[in-house]
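Here you go, one structure.
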Amino acid sequence: NSSGTGGQTESGASSGDSKSSDKLVIGFSQVGAESEWRTANTKSMQDAIKAAGHELKFSDAQQKQENQIKAIRSFIAQKVDAIVFSPVVETGFETVLQEAKDAGIPVFLADRSVDIEDDSLWVTFLGSDFVEEGRKAANWLVEETKDEEGDVNIVELQGTVGSAPAIDRKEGFEEVIKDHPNLKIIKSQTGDFTRAKGKEVMEAFLKSDGDNIDVLYAHNDDMAIGAIQAIEEYGLKPGEDIKIIGVDAVKGAFEAMAAGKMNVTVECNPLFGPQMVDLIEAHLAGEEIEKRVAVEESMYTMDQAEELLPTREY
Amino acid sequence: MEGITKEFPGVKALSNVQLKLYPGEVQALMGENGAGKSTLIKVLTGVYTFDEGSVTLEGKSIRVTNPLEAQNLGISTVYQEVNLCTNLSVVENIFIGREITKRGRLDWKEMTRQAKELLKTRLNLSIDVTKLLSSYSVAIQQMIAIARSLKVSAKVLILDEPTSSLDQNEVNQLFNVIRKLKQEGLAIVFVSHFLDQIYEITDRLTVLRNGTWIGEYKTNEIERLELVSKMIGKDLNELNRTEKGTSRNSFDKKKLFLQGKNISKKGKIAPFDIDIHEGEIVGLAGLLGSGRTELARLMFGADKADTGEIKITGSKTNLSSPKQAISNGIAFCSENRKAEGIIADLTIRENMILAMQGIQGWFRYIPKKRQIEIADEYIKLLNINPPNPEQLIKNLSGGNQQKVLLARWLITNPKLLILDEPTRGIDVGAKAEIQKLMLSLSKEGMSILFVSSEIEEVLRTCRKIAVLRDHKKVSEIENDQQITQKDIMKAMAGG
Amino acid sequence: MKSKLFWPIVILLIILLINLFFDKNFFSIEVKNGYLTGSLIDILNRGAPLLLVSIGMTLVIATKGVDLGVGSVIAMAGAVGAMTVSGASGDSLVPLFTAIGLVIGISVLTGIWNGVLVSRIGVQPIVATLILMVAGRGIAQLITDGQIMTVYYDPYTFIGGGYLLMLPFSIFIVAAVMAVASLLTRKTAIGLFIESVGTNPEASRLSGINSKNILLMVYVFSGLCAGIAGLILSSNVASADGNNAGLWYELDAILAVVIGGTSLNGGRFHLMGTVIGALIIQSLTTTIYSIGIAPEINLVVKAIVVLIVCLLQSPEFRKKVFGGFTAKKIEKKSEGVSVS
Amino acid sequence: MTNKLQLDSKHLPLIATIGLFIVMFIFGSLRYTGFFSTQVFLNLFIDNAFLIVVAVGMTFVILSGGIDLSVGSIIALTSMVAASLTMNAQLSPVLVIPISLLVGTVLGFCMGCLIQYYNLQPFIVTLAGMFLARGLCYLISVESITIDHKFFSFMASTRIPVGGGNFISISVIIAMLVVIAAIFIAHYTKFGRNVYALGGSEQSALLMGLPVGKTKILIYTVSGFCSSLAGIIFTFYMLSGYGLHANGLELDTIAAVVIGGTLLTGGAGYVAGSVVGVLILGIIQTVIVFEGTLSSWWTKIAIGTLLLLFIVLQRVIVARSKTNQTTVSSR
């Protein structure tokens, strides 16, 4: 939060030349509004662009790639100064990005990258590394259970089947635990990133495996929160009987951690709007920019929760 | 066809029935409503498969499993209910299944030409054949169905009640066609409840009763009354026919029930006036498409009138929906049984009480026991077969469906009953019953607006006859002893 | 009627028995923390929202319509409910009843909206309700401001998570709605009117039935059912998620109705069949979760089960498959179309 | 069909729809800079080529009184099959394209057979087909597969100039060919007329001796084929195969067909109408993107509102002129 406004003034001061003080028209194509995280991300972008005095053309793709391509085409037709977009999927944007390039409009990727050989098609990718998030989660678990004698039984709540965060968070997590044979994923099922599904699936897990479950790894906090309710209703203590790992670090997760019901959440920071605006302005001012810019992220555990809770924005 | 047996769940529709057809002859299939005529035809054309029996065509044993096969074998059929696609144009309905193609594409020009010609020359009908079938009345649709069946080069032509909503002119036209086909060596099956027609056109008759075969006779060798008694299985004397004299019932012409002034609907019917007294039976006569149905619909609020006002027992009333009409004591039995009458998936009982329940509203539900009582009462009154109130109406024979619809309206005990071709497809015995019923109802004070293509029937029952021509009411005739069919016909045809 | 229910029940039993194979205690119901618990009760509890929506959907389908808006109504109802009680705390029941009142109000309103479009303006049901399906989710998010709204007010969570007489409260809600629906359709003329309007609207109109009001009513009822389902769902997870709550419920509900033996062509409807259909779907979902089927093949499994269910209900299929052994028996029952 | 006289009542929904589309285009042009250009109009075709193709297939299904929910999933499956054959199995497009086209065709055929022979409801059979096709995608791969192949890139990026610096894509040409073929099939072949008859009344069609079973199976096969063809176009468009592609597309397609004036009960409607329906959905989206200030939820509400506006106006126009018409329609 503090970095938000801070970054803003900084950039305004640094770019003194006429080009970037011009009002820019920035087209932003968002994936959708499927989660709190996404909404926070959208808001951050909107606020940052407005605060910098630029004009925003916003388009919501409703989770559909074809809509996103259409939106980018329309941005080109409207001759915007820059296009920012969070690709729904990694693949399939060559054609339209080529059109943008031909029209001389720079493209910035947010949150997720694209899988295209020709990296001249976009300026930079600013976003989180989902695989790394999975690794972080696993590393925490490895650390936490290093004294444990027997098997540690893990259940996994996956995100939407086929979505990039689900695939990557699973991959990163498995990559780490495969060196620790006592860590075992005994059940893995999709909870579609939602609370209701998370709860429902966890309920079924508990019915079939009940007291064997030691750890829950959820691909996002929402599913973890749903699962916590299921665990409580089942009569176990979340956070103690079953350790809970989430990803995203949304406010709800902090509340759960503060109440001692959740152990850890890996941050996936959506508030990179100001950072993005800086990058756009820098690029248009002719500065050289790295192809991959990481968003600053960390990990929060139960003991930090109480103190950080009031500062969380999303 | 030999030893045909067909069983529906709970009903043995045909048992050991035979039917022989000879080239160059017209064979009549006779029987009461529900005797099994239509079923026999459907078995022959592969709509139903039969349980036992055999069918031979030109010495070869055949087993038809669908109508397409039947057509390919040279059996062309007009089914009882008009079975055409109302969403297609008339040309398409005539040609679909045997379209004319030119260089791989359908040749609409040619088909339109041929269709026009066919209707004109064969049936003397000149209509716009590119219009949708739904824009034509049931009668016209029936003619088109006949035209379609003529289009095939067939060996066997089956006509299941083709004349039920045609008037005399059209029937004559059809008979001319049939005679011609007969000469060409076709074997023709003709079903009708009009004895006059049977005697006029057929050579032989096969009589069915209750799904059993009664006998085959040469038409000119059997007396009318004998035939009827064969059909209904009762002695002749029991069949007391309504005499013309009794119909001219005396009623006081003092109480006016409905008074319509200057009612019209653009493109449908020119402004007309109409008075209906309590206990009066008013007939509507006219040629095909003269606007009788349209007039009747306006009186019921099924269509909204553009102009005019209606007074019921003296006070001005707005009839803009059927519901309003019904609450004013008006009932309307449509000529289009299939589209506007039956609720196919419901039972006899439910179909019967529907209008009554409509009056009672959502919450004053007629208790089931009462429903069954009512249904049983009318099943008995109208002699509906099968007498099971829980049978689905779609499984009933055409005539029996008609009776159920009649019952639906009788149950509401209306003050004015509008009947559009109520005797369509009803057998001789039942027809007489219904006419008798109409008279006795009118004696009790019920007014009836009666539309029929049978002038004789109108003459027999009606006190007053309104004649329509070209969507216009042309005259109103008081029916007294001197009036004959000829007079009415003259008025209908004009000139 | 009886035979319509036979195959759905058999299928439900088969699915449950498959579970028994994996989990010996599947059918056992025990008392835990003072409540009855067990997989069967879970299925009922979890399935409550789907059951409700399907019951409403049955009546809509009986009029030859379909209501695609139910998922969005669920989301809106949850959002409204959660928002109303979001500030509340403590044990005062006033916010709870306000929430319930508002939800019922909103869902009736959505029903009127759909009903008016279909019955008065004459829009085809699938498109009319598609409008609400799209816009409703937007409205739900507008209410929650795109956030997942969490509720910290215990009475609210009772609706979807509480217990009464040792059983989940949601089961009682379903039972009540089902009872109302059955009474309305079988003890009043409404059922008859729905079936007649669904079979032949024109003939019904000419018989003096106000088919417009019947249509309006079924959409209102469907909206109401969806609204209550939304309340249960949102209360159960103590939060409201405008974007995801009730997603794809419309398809599951239609599926339940059809499995239950009601035809999409309108006419006869079978409420009890729908209930069994919904239970089949819920049991299937639960089974997939609990026997550990990989998420990638969830859909394939679901597709196969749906197909089997439909095939078993098809007389033509049964004749072909079982015809060999029980030809005689079936022939007698069948419509008389001979086998040979 | 050939008769000019028919240009009245039957074509009215279609004419109303086209009229509304033009109004919308004018509205957009007046309101947004850059909207009034040939390219924006052509983009509607470029971006919706696949939707046009599925809508064409769906039109036949709906005309016959059925429904096909599997189209979106078949697009995804086709893209997945094409991608994995090209990238994993390294097959040449000469093989890949026909095989991929077979995917939907075969699935459609099977669904048609189930519907016909076992008398199942199309809604359910195609719903199962929808689950199955999407499930099969995940069996091939849960991740998306990028296609990196000369042929596909060529198909994707070739621009066919149409004058004035405007261009269309190859997919648009394919889509237009499909539309022309479909219009021909619908009106000038026996199959086409049988579809209409079937939609009017299946029972009548049967009694009239039409090959109902064959027609039905063929209809679903055609729809499956169109979905697969759309899948190929979609693959050109996306240059990837992915299990989540075209999620929920079936409803868009049905909406497009119905907005285009086809009755869901079957028997009445036009292929050309569906194309206009697709364009209308497209222009709604374009307007919203050009507006560019709507949040995610307002976007949804706006789509709903515009859809409502369209449908109600269409209804009003049609109803208005119906009352001026002389004929009674029985529906």
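Order of writing sets the chain letters: A, B, C and D. Residues in each chain are counted from 1.
The rule is short, and it goes like this: a contact is a pair of C-beta atoms (placed from the backbone, for glycine too) under 8 Å apart; a residue touches a chain by one contact, two chains touch by 3 or more.
What you are looking at is a predicted structure, and each value in this text was computed from that prediction instead of being measured.
Undergrad: According to the touch definition, list the chains common to the neighbour sets of chain B and chain D.
TA: The common neighbours are C.
Undergrad: How big is the gap, in whole Å, between where the Cα atoms of chain C centre and where those of chain D centre?
TA: Chain C and chain D have C-alpha centres separated by 30 Å.
Undergrad: Find the geometric centre of each of chain A and chain D from their Cα atoms only, then give the gap between the two centres in Å, rounded to an integer.
TA: About 34 Å, centre to centre.
Undergrad: Just the number, please: Cα centre separation of chain B and chain C in whole Å.
TA: For chain B versus chain C, the centre distance works out to 44 Å.
Undergrad: On a C-alpha centroid basis, what's the spacing between chain A and chain B, in Å?
TA: One centre to the other, that is 72 Å.
Undergrad: Which chain C residues touch at least two other chains?
TA: Within chain C, the residues that touch at least two other chains are 141, 146, 202, 242, 295-296, 298.
Undergrad: Which positions in chain A are in touch with at least two other chains?
TA: 32-33, 39, 42, 161
Undergrad: Give me the residues of chain B that touch two or more other chains.
TA: Residues 339 of chain B touch two or more partner chains.
Undergrad: Between which chains is there touch?
TA: Once each pair is checked, the touching ones are A-C, A-D, B-C, B-D, C-D.
Undergrad: Which residues, counting only chain A, touch chain C once they are in their complex?
TA: 32-36, 39, 42-43, 158, 161, 187-190, 192-196, 199-201, 203-205, 207-208, 222, 225-226, 229, 233, 235, 252, 255, 314
Undergrad: Provide the residue numbers of chain C that touch chain A in the complex, in ascending order.
TA: Going by the criterion above, the answer is residues 22-23, 32-33, 39, 42, 46, 141, 145-148, 150, 161, 233, 236-239, 241-245, 247, 285-286, 288-292, 294-296, 298.
Undergrad: Enumerate the contact residues on chain C facing chain D in the complex.
TA: Interface residues on the chain C side: 64, 68, 117, 121-128, 130-142, 146, 202, 242, 251, 254-255, 258-259, 263-264, 295-304, 306-307, 310-311, 314-317.
Undergrad: Okay, in this complex, where on chain D does chain B touch?
TA: Touch residues, chain D against chain B: 1-3, 5-6, 10, 184, 187-190, 193-194, 196-197, 199-201, 203-211, 267-268, 325-331.
Undergrad: Of all residues in chain C, which touch chain B in the complex?
TA: Interface residues on the chain C side: 187-190, 192-193, 195-196, 199-200, 202-210, 267-268, 333, 335-338.
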